[in-house]
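Note that chain A is present in both complexes that follow, paired respectively with chain B and with chain C.
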Partner chain A sequence: MDLKFTTETYRDDFSFRNSPEAIRRYPFPFHADSYMYAINMEDHVAGKPGTAYEHPIDVDEHYISEMADRALVLKEDPLRCQALSHMMTAQWDTLELLMIHQSIAYPDLFTLERDKDKCHWINRPLGIDDKFIFGDRSTLPYEPMEYIMRQSQGDFCIVDQRDNSLWMDAGMVTCQADWSLDFDIGMSFMEWHAPVPMAHELGIFDRALKFLMNVQQGRPARRLNWTMTVNPRLDTSPENYHKWGSEKTTVTKENIGAKLHLRCELQSFWRLPRSNALLFPIRQYLISLNDIATIPKWACRMHRVLKTIPDPLAEYKGFSRNRQLAIDFFAPFDNGQETTKGADPE
Partner chain B sequence: MTVHTEMSVTVTDIELVADAIKQFTLERVDGQPMPAFAPGAHIVVSMMDAGRLRRNPYSLMSSPRDPWNFRISVLRVERSRGGSVFMHDVIAVGDTLTISQPVNLFPVDILARRNLFIAGGVGITPFIPMMEVLNEKGGVFELYYSIRSRSHGAFWSEMSALYPNRVKIAVGAEGYRFDYHELLINQPLGTHLYVCGPKLMLEHIFNIARDLGWAQENLHFELFLAPPSGSPFTAKLASSGKEIVVAEHQSLLESVEEAGVDAPFLCRAGACGQCETRVLASDGEIIHNDIFLTDEERKSGTKIMPCVSRFVGVGLTIEL
Partner chain C sequence: MAIKSRPIYNGFDLEMPAQRHIFVLEGEGALALLEKVNPSHPMLGQSEILYSPVGSSHEQAIVKLNAANFFTAPSSEILLNRFAAILSTATMSTRLYAAGTEGFIGAAVNVAARYGVKSASIVKEHRGSLRRRVQCVHCKGFNSDITASPFHCEHCKLYLFVRDHFSTRLNAFQGVCVNAEEPHLFPEPVELYQ
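Moving on to the complex of A and B:
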């Protein structure tokens, strides 16, 4: 495992950067030259080495810095982590799933030793070494969900399944694209998706709900979602809109390459065994337009996608103000030729 | 499409637990612990029965706390299309079977104030882990369990001993039957009803519940519906360009699988909707044996559930 962790910030001086390897493994969300909603679900199976899909729970060079930013968010606002009381079994399911997948994929970084209910967890990047009893809350410094989510990149929702719907009954959400767990906690699938434009009319949510309720143990699924963010800020939450909303006005044609970021979410969907709940890891990846421009195919495609995306979508995703600047930025990279199929860099 | 992560298991114990019910204990060949599961889950057992692949679902009845084995119970159905007779007559201790990961289409609602379980015959199995977990958590439940005779019913004495005031048994041979209307009309608001047993029993009880105005969300069921046999028929698979013959004791889904075509499925009992397939052409009658499609969908003749439904006629073409 050749992973060099970077030390960087997602606020104030925004020192976040992607290495050339991180750029090449970026989960570029556009598989074709135009974009429209689709359920775009696929089996979450291990992908090619050197991609973000290589391991089902991805750990990358930003791990330590992301966890540090998460700790800052939680310190300011503990309500970013909430679990309703009936979700304790699902919390333990989640802890087990994340520990197993991280330790299998990255044995140099994480170790999980188990003897029946006795567990020993070692997280070397964060210097954590804890022994605990599986199922016994008193043996961990936090509730099991908070404990493991402070050590796992991306946001997480744990969704209960009952009454023919899904319910947002637990989660940790500190690096979100403008939605609030504190607001949505306890809501049903249709309630928390109510604000999304166009998709309801297309019947997307009825089909997505049916699909998700049938996700089975041992067979997770995934999809990509995306938006644009000004500055590499992880915490673009409604709670902190006063800190980042106005930054949208700071983009110029001179600074857009460094300032505007594509924000891709790799969402995966896992059936939890003991609780029959679902775990939704929402893993976000940031990349500046300058970095995208180092991959000619992606730069060309960005130009076409941004040009053709429907207005309500650009509005909902919050970048209509800077859309034309971004189109202009990528215009010189569009050679008019057909791009190769798929989202791979070549 | 169906990337079922199956595993090999060894049959480590077989016990005759009632006149025609055998309990099988399964352990992983690789010595690893079993996957955790929630009460109500089933597994799909794959078996090669006289050269024919069969996949039958069976509820998990072992303790969710015991990671070292799974237990299932199989009712021997005479004159059936196979599977259960194979499990009873051919499978012996030491044999290897292939099973799926647990699939849960019959979960307990963890927020229910009260749970009413109604089991018929071998339909007792999913309730055994449900009661264990609810009992530990202090959940409220009652079980009404109908059996034909005391020797024909399994686990009734164990369950009565474990939960003495919460398990009621009706033995048909002794002239006792539950009055489900009386039972349901006296349930407090917010009760969740779970039924596992034969199709007629399920329909009878759900009709009463609906007549009494129970909310759909409070009605849960698991159906033990073996794919019915019938006259052989031919089907064209449009996407894969194959033509298959469905034998008398074979389901359309099994025939599709035998032809090497991957089709989605979960319950294999006509209940969950996962295998719903479009009918592109047909000159004849679709025998809808499922309980998933609506009456309008059946009348339209454009959909079929290949796990249990059949066809009489010519020129059936489906989108697979």
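Moving on to the complex of A and C:
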């Protein structure tokens, strides 16, 4: 794949844009014309070339700009990256997993050379060339988790598995949809999902927990989640909500196509070999309504999904304020015909 | 509906075997013990009771229990310091009991955690006020004794609502700016946690 990295911002002037290729490879989250919570887990196996699923750890045209935005967030708020002390083995597991997958999938961009515990890591897009000893944190400029997560797109949680639950014990969270790692760190699976409406009663979390605790090494799983975001802002954290919240009121009939974005999260789940912890990469993809409208099937489906989503869900996902405007935007694209199965653009 | 991230306060059960029983009681939390225990209960001979009155007056009643050890602390902070000192030399087969407001129980749980005691093994009973300890998610400052939502963060002054989400580690609920989307609006506070 010939990747051309774009230089763009996710704040201030919001110069983020998707190329036509990025639009077509967008992991559109709606497989049918309506949406309700589901665990919707599937094996995280290689998808078709040219999709976001082609490689297990996806790197796209926004890589350099996303990493620059992450660095800005961490500079302002170091608490976005935390690991409890018992997670050091899992940190090394994570570094190894991300280095291996990025270098295998993108040999032109990343190289990992290993001679027993001596490692040489080259990250060409970010101009990084470091030699370090695997397992010796003093040989890296950051702790291993922070080091590799500053070079990997998406948020990451590392959860420990013990006492019949999963525990949010480490992570790097700079582009989250309104949850706080600093608040949730140390919580069990049920605790950190406490604010989510409806899903507890539907038994979703009981089943999801069972599934996740049984994820096997070498057999990662994935699911999609989604929300809507005003402006292509990555850092929609609760920490900064008082700064970005008012942007939600700036959407009009005229500007909605450019301003409102669908934000899809590709979550994957990996068993780590030494620590038996789980790595959750939460990779987010932004797309403007205008860009969705270039794919007729998606535009039609968006209209139907937005119309039928239950109110508490729209509220929780934080877009009830702009929901009707979005429905009106997509209405002209709904031809009343049946859409083809699945989420592919055609 | 129960808040899934909030600890469960099952109430005192005094019939669980142990070599030593340590009670930390704040305010009306003393009643969690007094209402259940019979003064002739053999466990009292193996019990240490730490009590911080904060306006309550149960000292005389506790004295009458004739426990192996009893300490009235002038403040909850001093009580928790003594609790930590006791835990630093405590052995296996020591059972811990905490009763009082939620913020006090959480503080006791966190002291015990420093000595490797899990929250689930501590017997807890919520007594007294429902007031909440709230951390501002924006400035990370803690606000004690919150009875109404929304309220102004005492540190950054943002107007916060109390989200039904509790962190045991921080011993606090989460406070989130209530008027971030429309900063000119100030919804009336409602007394929810008296």
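The rule is short, and it goes like this: the second predicted complex is superposed on the first by the 346 of 346 C-alpha atoms of A that agree within 3 Å, B and C clash if a C-alpha of one lies under 4 Å from a C-alpha of the other, contacts with A are read in each partner's own complex, and residues count from 1 in each chain.
The working rule: contacts are C-beta pairs under 8 Å (C-beta built on N, C-alpha and C of every residue); 3 or more make two chains touch, one makes a residue touch a chain.
Note that this is a predicted model, so its numbers are computed, not measured.
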item: Contacts of A:180 with chain B and chain C, given as first, second, both or neither; value: second
item: Partner chain in contact with A:274 - chain B first, chain C second, else both or neither; value: first
item: Partner chain in contact with A:161 - chain B first, chain C second, else both or neither; value: first
item: Partner chain(s) touched by A:142 [first = chain B, second = chain C, both, neither]; value: neither
item: Which superposed partner A:216 touches (first chain B, second chain C, both, neither); value: first
item: Partner chain(s) touched by A:93 [first = chain B, second = chain C, both, neither]; value: first
item: Shared chain A surface residues [contacts with chain B and with chain C]; value: none
item: Footprint of chain B on chain A - complex, ascending; value: 43, 45, 86, 89, 93, 96, 160-164, 210, 214, 216-219, 271, 273-276
item: Residue numbers on chain A that touch chain C, as the complex places them; value: 79, 180, 182-187, 190-195, 200, 238-246, 248-249, 321
item: Residues of chain C that touch chain A when the two form their complex; value: 3-6, 135, 137-138, 140, 158, 163-170, 174, 176-177, 180-183
item: Complex contact set, residues of chain B against chain A; value: 3-5, 35-38, 40-41, 64, 101-104, 107, 109-111, 216-217, 266, 272-274
